[in-house]
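Structures are listed in the sections that come next.
Okay, so subunit A shows up in both of these, paired with subunit B first and subunit C after.
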Partner chain A sequence: MTAAAVELTPRLRTWSAFRRNPLGVASAIVLVLLALVAVCAPLIAPFPEGYGADTSQPPSAAHWFGTDDIGQDVFAQVVWGTRVSMAVGVSASVLAIVIGLLIGVSAAYFRRLDTPLGVLVDLSLSLPVLPLMILVAALAGPSVRTLAVVIALFSWPEVARVVRSQAIAIVPMPFVSAAKVVGGSSLWIVRKHLLPGVIPVVGVSVVLTTSRAVLAEAGLSFLGLGDPNSWSWGTILHKAQQSGALATAWWTTLFPSLAILLLVVSTTLLSVAYNDARDHRNSS
Partner chain B sequence: MRFIGLRLARGLLTLWFAVTVTFFLVRLLPGDPVTAVADPNMTEALRQKLLADFGLDKPLAAQYLDYLGQLLHGNLGMSFRQSIPVTTVLMERLPWTLILTVSAMVVTIVLGIPLGVLAATRARGWVDRVIQITGVTAQSLFVPSVGIFLMYLLGVWLRWFPIGGAVDLDATGFAATLSMLHHLVLPCLSLVLIQLGGYVLTMRTTLIEALGEDYVSLAKAKGVRPGTVVWKHALRNALLPTTTIAGLQLGTLVGGAVLTETIYAYPGVGRAIYEAVGQLDFPVLQGAFVLLAAAVVAANLITDVAYGILDPRVRTS
Partner chain C sequence: MRRGVLLAALAALTLSAACAPSVPGSSGSSGGQQPAPSDRLTIGTTADVLNYNPLVGNSRTDSWVTNLMYPHLTQMDMTGKRVPYLATEWSYAEDGKSATVRLRDDMKWSDGKPVTADDVVFSVMTVKKENFGVVAGLITALDEAVAVSPTEVRFDLTRPDGTFLDNVGFWLPVVPKHVFEKAPSVQKFANDSDWVSAGPFKLTKVERGQRYVMERVDGFGPGTPAVKEVVFRVFPDVNTEVLALRNGEIDVIGNVLPPATAAELKNDPSVKQEQIPSLGWAHLQYNVKRKPLDDVRVRQALAHAVDYEAIRNIALKGYAKSSNSSVLTPSLPEWADPASKEYTFDPALSKQLLAQAGVSDLSLSMIYDQADPNIARWAPMVRDSAKQAGITIKLQGLERNTYVDKSLKHDFDIYAGSWAIMDNPPANLGLAFKTGGYINYGQVSDPKLDALIDQAQKALSVEEAKPPIQEAARLIRDQVYDNVLYVETFNVAHNTKWTGFKPMPSELLSIVNPLSLAAAKPAG
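Entry: the complex of A and B
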């Protein structure tokens, strides 16, 4: 290796290792494309509403993904669905990460909080989450915001567990004791020493939590708890189920299903690639 | 016995937590907490009477104690739409959900063990690669999509299996049992496909670890046949962590059952949840969660205790 390569920071090394992984790069590209579709939805297709003339048509040149039982274009539904599915996925994940970070770091740093917070996380993880989310979402009334909050509310325990296990290894380090000795406040130590140490782990967590949140959103919408005024991939499946198109019009379910699969598989592969790239022992 | 007592206490704590969380979530949510028991379409007089019946005019602490007391008597309130106790509605449905989840669990284990062994004994070979990639992908599948796919392929297209319901109502005796199994295949298979990936991957990791232990080297050195080493020595020790993971996955299994039952119009608790969502029947939703949480806690307790009896190491940890 040349002298220049030796000076690479860990972050740059991770990036260069990541760039050499075709699966990781492909996943990243797919995710960027999906995000573009979400942002540019109005430019790609008109918002699906009202009744159309061509009902239950299979895919054709005019309707790429076919039409549903009231004549709406399934392609437009999937495009607009990308927006809500990704928005709910990302915002629920961000919220869950923030709560998980707070709880995880507090549990690791403040020894007295560790046991009660640990019990709270254990208990939350051993409950069947979907029925609980259904109950809360039904009571709070269906809307995009409800979905994001409800999903975040029941997704943070896993993040908290991961963050705690990482942070607990940092707390006994000499530099943390040194910071305490020089009179650093708890908040300052957490911000300056603990958070930078757990951020790399959180990187993977963000990706996985987002894909789980997308699946949760699709599940809730499929059961009829989606925002009635907007489209998401789960909502399209819900409408197909309600109209009885499930067993007849394959195109109404195949395309939203593929969209979910594409998003979730690429996030999973992205996190695997990121983990591999971060593990510098593999590359020599 | 101290071990069983501890696990029992843990189970009860989980259950209390589930019940308490629902109680406070229902009452602290934005909007009228009354919606949890009173139908918005009711007349004012009926509504007031119902509120008094449910004790919703009392202070929160008193309500909470009442609620716990009612639960201990198995009372989960009344369904709005069907005017019968929630317990009756759900108990009619519970056997179907149990049949579905237990059969899915059994099939997953029966398929998972040999696949895990296959991957672990050929670690880093191409069989292992295929199993790993399929496992990771299977974990990211959306349950209804899998259900719909299987329904098209095996139900609509090949016509091998019925695509809805749980049993032919005309069938009697042995024919009814056969029809029940016939209806069970597709929903069960959907759940197995979702569960299998995680199970095999865990099995693979723990088995590879077990194969590196000293007692495996000793057995090999003694000249024990390789097959016996894997199946009799290493596998037994690898099963324990795998079962713990299976216990943790119970929540996912229950969630999957809710979605699968919806797809196949399978008359279990999950389908009841779907119907209750459509009708905004909150007591049924609340009762279903409490019931499913209790089922998960009970299943975890049973596996824990069974393994405690089989493997003395668990009792001390």
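Entry: the complex of A and C
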């Protein structure tokens, strides 16, 4: 109704609404900074390995985040942890989105597939995710790749469900019927009409799935299923817990936890801000 | 049940009240209700008792509880030498084909019947017949056990075996024949109620997931225990146990403290730590059937690429001793070989050895149990020091069952682990290094080593067994069939309110062994 009245493209309007939300902008900046830290880790701190004489030192000028029980710098661990945590988060989320999109769109467009795929999604959603993740990760052996795949395998159903509900509203639209009438192939219709319609929800999904994947990675690594050859925030927590110094060496747990908190809060705020900005009915 | 919980809550309340600074004018504890602290010794553990049948059970908590109920023939002193418990004297015949054990005559089962030679014979013969548990693998030489008199047992052996008495004495719990023989299969007998026991304490109440209450046995042979009641309380992990100890909720932490916790608790005046030597050792084993690990120079290169000192000082916080790269550890001074020298940490020498062997770009994977906190801490240190010698080690921290499975199937390049209890070198080296031995993970097969171990096992005294076993240990060191990193010094914490514990080696015995708990008494 209102769409016809305003000349601005929807994308520009969303952008201008988003810019006016300070929380959203701040979150975006935090995420960009975290991404920068992940990419530039080698420039910021040396890879944490080996061992030193300064064990379990509280934060100081030499060691900003203190040192752990074998004398490694916690700051370096957190910096390098950002890399693995975000890499696992992003790749797991991309994988989950691809699977979710495929299944969601097919369920909406090919009506005959709707029921079986719906059952599959419901089934996957009702699985006890954590124990299964632990089982699969334990059987497959700990590595960064395993973690990403395992997390993706258990995160796609939510994406699929969101995509399907959005797509199912588009399928009966006149322009889809028109495309069918002029003889467009299913693939072409899905590509040209269905996908553009669901991309905005997917945008939000990407961000949220990433943050969930980062949390899942931290959880699995904390349980000792992380890759022992690399550092992630969960691995730092796991090592802190294992050293038995949780109660005294607070710096070994505080900083990685803060990093996780920062990432999850900013992704959540970002997606909320984006959603609000996209919903033009609210922006006066 | 409910009353028990209430009582525990009440005890906790009064205890915390005792710890809190007293408020003037509110003399609440008007006598009477507070249980005398000397009446109960509470021990923290991290697991429930899963098996009450001492012949089967093998978890640590299982052993701690059942050890207080079922006597063994012997215990050991701090140097690993056997000391009397149910047995007073033991010896081999001249030809080594039989062994005789004399028993105390003052031990009674809790139903009033005496503990006799028949019970010992029944216990050992049942294990042999049904072939189960740890003991079965250690008594392969046994032919027949005979009760010569109520206080004398004779073991007839098929071959001279100088390890037999040590093994049977230490590992075999003696169970009441008149109770266990009623079970169609002793191996499957749960023994989970109406216990008939003969140790210093008897199990009277079980609250799964909460606590196990054991009452003192008056007239216990070696001396009536000073403390009336021993309670095992179940906690989720060592961290919570430490908090409980500091709050005065428990008196002893059964589990070994992680080195970092031990270092931190050192400054707490209300906690005393007993240093308990480990009977095992932490080590790296190389799969000698895999190329290029079949070349002794490659194994030596690996041995020179480990910073042993750093592992002991940093990962173990100094709570570990060097074993001089020998499988005869300082915990058993009777056997140890003072001439053995530890491999030096020398990456340059490693590189040289690798070059001699014609190996370049050596890349190996190393498996370990991700849940073992000590190993998880030093595994990356092994990787990083090897890197200095140009060797790439890829860590594979595995979930425990996968790890055990891979070890038994010899599916690894390097195995990082630790052995818990190696109390008798001739017997244990046989299991670990003889061709086809049950825990010979590295697939060592060396006829010379086999012969030396056989010779040591036949010897009937330490003096006689020592030369061949020391030579075997030197062979194991020089050929790097095993790379011994350290022998851990366990720290077991208890409240300073208690004293008189009799520490024994290994975490199985430590200060919660029956003779120690029977001797424990309130301080001051």
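To be clear about the criterion, the second predicted complex is superposed on the first by the 278 of 284 C-alpha atoms of A that agree within 3 Å, B and C clash if a C-alpha of one lies under 4 Å from a C-alpha of the other, contacts with A are read in each partner's own complex, and residues count from 1 in each chain.
Criterion: a residue touches a chain if its C-beta (ideal position, glycine included) is under 8 Å from a C-beta of that chain, and two chains touch if they have at least 3 such contacts.
Everything numeric here is computed off the predicted structure, so don't read it as measured data.
Student: With the two complexes overlaid on their shared chain, look at subunit A and say whether subunit B and subunit C clash or fit.
Tutor: The answer is clash.
Student: Does subunit B (first) or subunit C (second) touch A:T268, or do both, or does neither?
Tutor: The first partner, subunit B, only.
Student: Just checking: does A:V25 make contact with subunit B only, subunit C only, both, or neither of them? Give me first, second, both or neither.
Tutor: A:V25 sits against neither subunit B nor subunit C.
Student: Quick check for you: in the superposed arrangement, does A:L237 touch first (subunit B), second (subunit C), both or neither?
Tutor: After superposition on chain A, A:L237 lies in contact with subunit B alone.
Student: Who wins on subunit A residues touched, subunit B or subunit C?
Tutor: Answer, by number of touched residues of subunit A: B.
Student: Under the stated touch criterion, which partner chain does A:N229 make contact with: subunit B (first), subunit C (second), both, or neither?
Tutor: second
Student: Looking at A:A35, would you say it contacts subunit B, subunit C, both, or neither? Reply first, second, both or neither.
Tutor: neither
Student: For A:T55 in the superposed arrangement: first (subunit B), second (subunit C), both or neither?
Tutor: After superposing on A, A:T55 lies in contact with subunit C but is clear of subunit B.
Student: Please indicate which partner A:G141 is in contact with in the superposed arrangement: first for subunit B, second for subunit C, both, or neither.
Tutor: So A:G141 meets both subunit B and subunit C here.
Student: I'd like to know which partner A:L246 touches here: subunit B for first, subunit C for second, both or neither.
Tutor: both
Student: Of the listed stretches 3-11, 21-29 or 39-47, mark the one in subunit B with C-alpha atoms clashing against subunit C.
Tutor: 39-47
Student: Does any part of subunit A touch subunit B in one structure and subunit C in the other, and if so which residues?
Tutor: Subunit A residues touching both partners: 138-139, 141, 224-225, 246-247.
Student: In their complex, what parts of subunit A are in touch with subunit C?
Tutor: 49-51, 53, 55-56, 69-71, 138-139, 141-142, 224-225, 228-229, 239, 242-248
Student: So in the complex, which bits of subunit A are touching subunit B?
Tutor: By the definition above, subunit A touches subunit B via 123, 125-132, 134-136, 138-141, 211, 215, 218-219, 222-225, 237, 241, 246-247, 250, 253, 257, 260-261, 264-265, 267-268, 272.
Student: Touching residues of subunit C toward subunit A in the complex: what are they?
Tutor: 238-239, 242-243, 257-261, 264, 310, 314-315, 317, 370-371, 373, 376-377, 379-381, 383-384, 387, 394-399, 402
Student: Which residues of subunit B touch subunit A once you look at their complex with the stated criterion?
Tutor: Against subunit A, subunit B makes touches at 13-14, 17-18, 21-22, 25-26, 29-31, 35-36, 136-137, 139-145, 148-149, 151-152, 155-156, 163, 248, 250-251, 254-255, 258-259, 262-263, 273-274, 277-278, 280, 282, 285-286, 288-289, 292-293, 296-297, 300.
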